[in-house]
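As written, the chains take the letters A, B, C and D, and residue 1 is the first residue of each chain.
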Amino acid sequence: MRLALREVLLAVRRAPLLSALGVITIAFSLFAFGLFGLVAINIRDALRQVESRVEIRAFIADATPIEAIVTAVGDIGEFPEVAHVDYVSPDSALARARRELGEFADVFEAGVLPGSIEIRLKQDFRDPRSVKMIAARVGSYSFVDDVRYGEDWVAKLYQIRTIATIVGVVLGLAFAIVAVIIIGTTIRMAVLARAREIGIMRLVGATDAFVRLPFLIDGFVKGVLGGFLALGLTWLASSLIDRALGFQTVFFSTGFAALGVLGGALIGLAGSAISVGRQLRRV
Amino acid sequence: MIRLTHVTKEYARTGRALDDVSLHVAKGEFVFLTGPSGSGKSTLLKLIFMEERPTLGEVRVSGINSATLHRGDVAQLRRKLGVVFQDFRLLDDRTAHANVAFALEVTGAAEPSVPAKVSRLLMQVGLASKGLAYPQELSGGEQQRVAIARALVNDPFVLIADEPTGNLDDRATRGVFQLLREINAAGTAVVMATHNLELLRRSEYRTIDMLHGRIVSDTADPSAAERAAARIVEDDETARFPGDAGPKGQTSAAARSRTTA
Amino acid sequence: MRLALREVLLAVRRAPLLSALGVITIAFSLFAFGLFGLVAINIRDALRQVESRVEIRAFIADATPIEAIVTAVGDIGEFPEVAHVDYVSPDSALARARRELGEFADVFEAGVLPGSIEIRLKQDFRDPRSVKMIAARVGSYSFVDDVRYGEDWVAKLYQIRTIATIVGVVLGLAFAIVAVIIIGTTIRMAVLARAREIGIMRLVGATDAFVRLPFLIDGFVKGVLGGFLALGLTWLASSLIDRALGFQTVFFSTGFAALGVLGGALIGLAGSAISVGRQLRRV
Amino acid sequence: MIRLTHVTKEYARTGRALDDVSLHVAKGEFVFLTGPSGSGKSTLLKLIFMEERPTLGEVRVSGINSATLHRGDVAQLRRKLGVVFQDFRLLDDRTAHANVAFALEVTGAAEPSVPAKVSRLLMQVGLASKGLAYPQELSGGEQQRVAIARALVNDPFVLIADEPTGNLDDRATRGVFQLLREINAAGTAVVMATHNLELLRRSEYRTIDMLHGRIVSDTADPSAAERAAARIVEDDETARFPGDAGPKGQTSAAARSRTTA
């Protein structure tokens, strides 16, 4: 082991530039990966926020007594699927419409809006089927004029999330493959460049394991260094983007970041293991 | 110890380098291998340390058989052999000292003992002051002597030396030869390919003379010469092996030198 | 020259895997570049479409005679900055509001909307300053109640475009640098792996130019091949995304694609030139 | 033609390889360079084909001066020189034929004439049948002969040969030496470093003997020996050059061999 570590040091001293470039290449690959991962988790996060606003709105007939409404709100709050119920009076509905619609505020100069009950659903019940079922149940109250729950909107939301997930996974995998190819190539070139040396080591009695170990350690160390560098770069990019966009994006959790570095190390190790194994049989 | 039985080595592009060679080297023997350039000396040695495998026949070295060889066996075998390569094969990125030490380290030798042993060997080949130089910083003869030191460092039971004095002056040659005799006296078998006829003439060791991939004379087995001569005349017409070393059937240089000496 | 071409062929035959990997690496770099370029031009395109909807709306007092309005529309149409003028009657305004606001359509059950003149501006006059000026001019008609042109909206649009451009350029440059590093490294490793050979060539009288030429041709050819491969990959990715999103995204024009391939070739050439030059002085 | 004036070559890690060497080789001369391993023979040759530059002094070869040298000059000079390197230096990824052809092609020789000339030279060194083999597929001596053919292919005006027969048997050595004599007779100067004392004894060519980076005898300039001997005795105490080649002040092997012959 001590011998193997010395071999790694020798490898670095022998070609410091090449080693540094190897680490940078790994870092850039993981950085690209991280950037896309960040975009993906931010899209997911944004979607979750939008999604949490999925609501069912029951418009209430004009002359309904307030007690009936309060009772209904209490009942609906007990539904296991419901996260939150709210009564919106006609006045506050108008105020909110003005606020939310911004540019179109002038439209409501003289408008009158009906009161409504707004229902938010729990995370697990936001799929189109559940929403439809609950809407039907709410619609059965006699004083409810109309139930709206944006059938299209819910469906579209899910479609976007699916697409985002697919695109994220596909791009992520593509970049992972690129990273493996680059790491593998780096090590393969190192092995090729040292083919003569390896041949000599064999001729004086070095076992395959002895010859392989320094390359594996090399790949591992480079993977770890590359992982940390990529983490730094990603963090930098993310905070630059935050500053540019003016709001706080989500960053990886510590555990996930550690997983990323470990993943880098494993990629480095795997890349070198495959490469070295294949090359050694030839040299 | 070392036994080749009806070994033929055929290369795809250059044809037959060894042709039905049988040979036995006993424990502690000293054997010279001679013959013109391209006659198969290096190929024979490569078969002994298992850098090449025979096309036909079988090579046995200290219980390891070329036919039933595992990858791991080769490393084990080579740790017990010492090899001086014709083209030295030093590690370019290590000093002379580190090159010699490396051969000891792969055998798992106790680390504290390594430097002293390496230094002693470098001194014996006359390179005490060049231990910290890299191969490119050494003269041809100095590199050759590093290669010799490396071959001797792990106390091999067989030493294989391919033209170990080609780049050495007379005095260094005699020094190296003396070293080989000493380790041979201590029980190590030595197989040495050489073009240095003076060495052959001066010593009384067994000498094997090769030509066109065949053993044409063996001082330990005088009948080999006649057999070989008969064979060569016999397939002179059909032999496809290039005649770089002169007209077929001619007695080789070493054989002649012994005749005239 | 014939000799140099033979040298390139030799280089490829000597290390076919390494050469292929070099091309793939270049292709992947350019592919990443192309992908971002595609995203960038699609964002630009989408922005342009949204931008072309920048409009000024002049609300018209209730009792204005239709002739005055027609005259005004004619006048405004003559303004050099104006691309298109439209009169929207109160009825069609209500119809459109219902259509456009979708979910909030219920709001307008009983609404009354004023008529308006809608003005679209030419490409070059959509910046906040010009919009403001023209809005003021339109506002000077006596029968115009109010002029709205979404000051915030125009400003935000430009801000988004600026950010998109900056992000695009920064990412593009980052990837170009990665590409140059990878190409340079590939060639540097090839030079290092052939240091002995190059030394020998020198010793038998080869000039620097003679030694350098094959590497340059090598870099150039790899760049071109990589460029074409990247173009194919980008096109594939773009049509896959089209199929997934269900609409037609914009692809590079032929000229731009050719420029991309040429750019790849130049990157390859530059990478090898720098690398070879630096290494040759050392070998 | 070739003139070294007070040339000293100092390496950072190994010290002084050449120490105040002055030498003149005339057009068409044949010069042997001898001396023990590490005495500076290869270094002197490297200075002549400008692989190394002197630390002090000046090397002039056919009008090109080491002190005022441009990068482009070196390539031009080397096209007119032929060099046989001690370690062969063949291109591993080319056949023997292509290796020889390469040296001709870099000079911009008319392509149609190349193959015939290359084949003729390979035949002269006895490798007619090995033209299509790669260096790794050749024996040590065969590689050495490819290197010799390459050095001769562009009709050099000076041939520099560093131990060109170290891996050759007696017969091949005589063949190569005969070849060198012939091209020398045709007007090419030859500078050849060798350990082969038999060659020296048999021929009457000028012989320069080196020790510790100095010229200790020169048959064309007998006074050099006394001067050198005086100098060596004089700074025996202060000399830092390693004494691998034996005790200081000792006459070298070649000088002795001539004395006893």
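Here, a contact is a pair of C-beta atoms (placed from the backbone, for glycine too) under 8 Å apart; a residue touches a chain by one contact, two chains touch by 3 or more.
Model, not experiment: these values are computed from the prediction.
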Task: Touching both chain B and chain D (chains) - done: none
TODO: Please indicate which chain is farthest from chain B, where distance is taken between mean Cα coordinates of the chains.
DONE: C
Open item on the list: For this structure, which two chains share the highest number of contact pairs?
Closed with: B-D
- [ ] Report, in whole Å, the distance between the mean C-alpha point of chain B and the mean C-alpha point of chain C.
- [x] 68
Task: Between chain C and chain D, centroid-to-centroid distance (C-alpha), Å - done: 64
Task: Set of chain C residues in contact with two or more other chains - done: none
TODO: Please categorise the chain-chain contact pattern as a line, ring, star, complete graph or other.
DONE: ring
TODO: Could you please write down every pair of chains that are in touch?
DONE: A-B, A-C, B-D, C-D
Open item on the list: Quick check on the complex: what are the chain A residues that touch chain C?
Closed with: 15, 17-18, 21, 24-25, 28, 32, 59, 97, 101, 103-104, 106-108, 110-114, 146, 148, 150, 153, 163, 166-167, 178, 181-182, 185, 188-189, 192-193, 241, 244-245
TODO: Would you mind writing out the residues of chain A in touch with chain B in their complex?
DONE: 3, 10, 14, 196-197, 199-208, 210
TODO: Name, in rising order, each residue of chain B that touches chain A in their complex.
DONE: 49, 51, 71-72, 74-79, 81, 83, 85, 89-94, 102-103, 105-107, 150, 154
Open item on the list: Quick check on the complex: what are the chain B residues that touch chain D?
Closed with: 11, 13-14, 34-38, 41-43, 86-87, 126-130, 132-134, 137-142, 144-145, 162-163, 166-173, 195, 197, 242-246, 252-254, 257
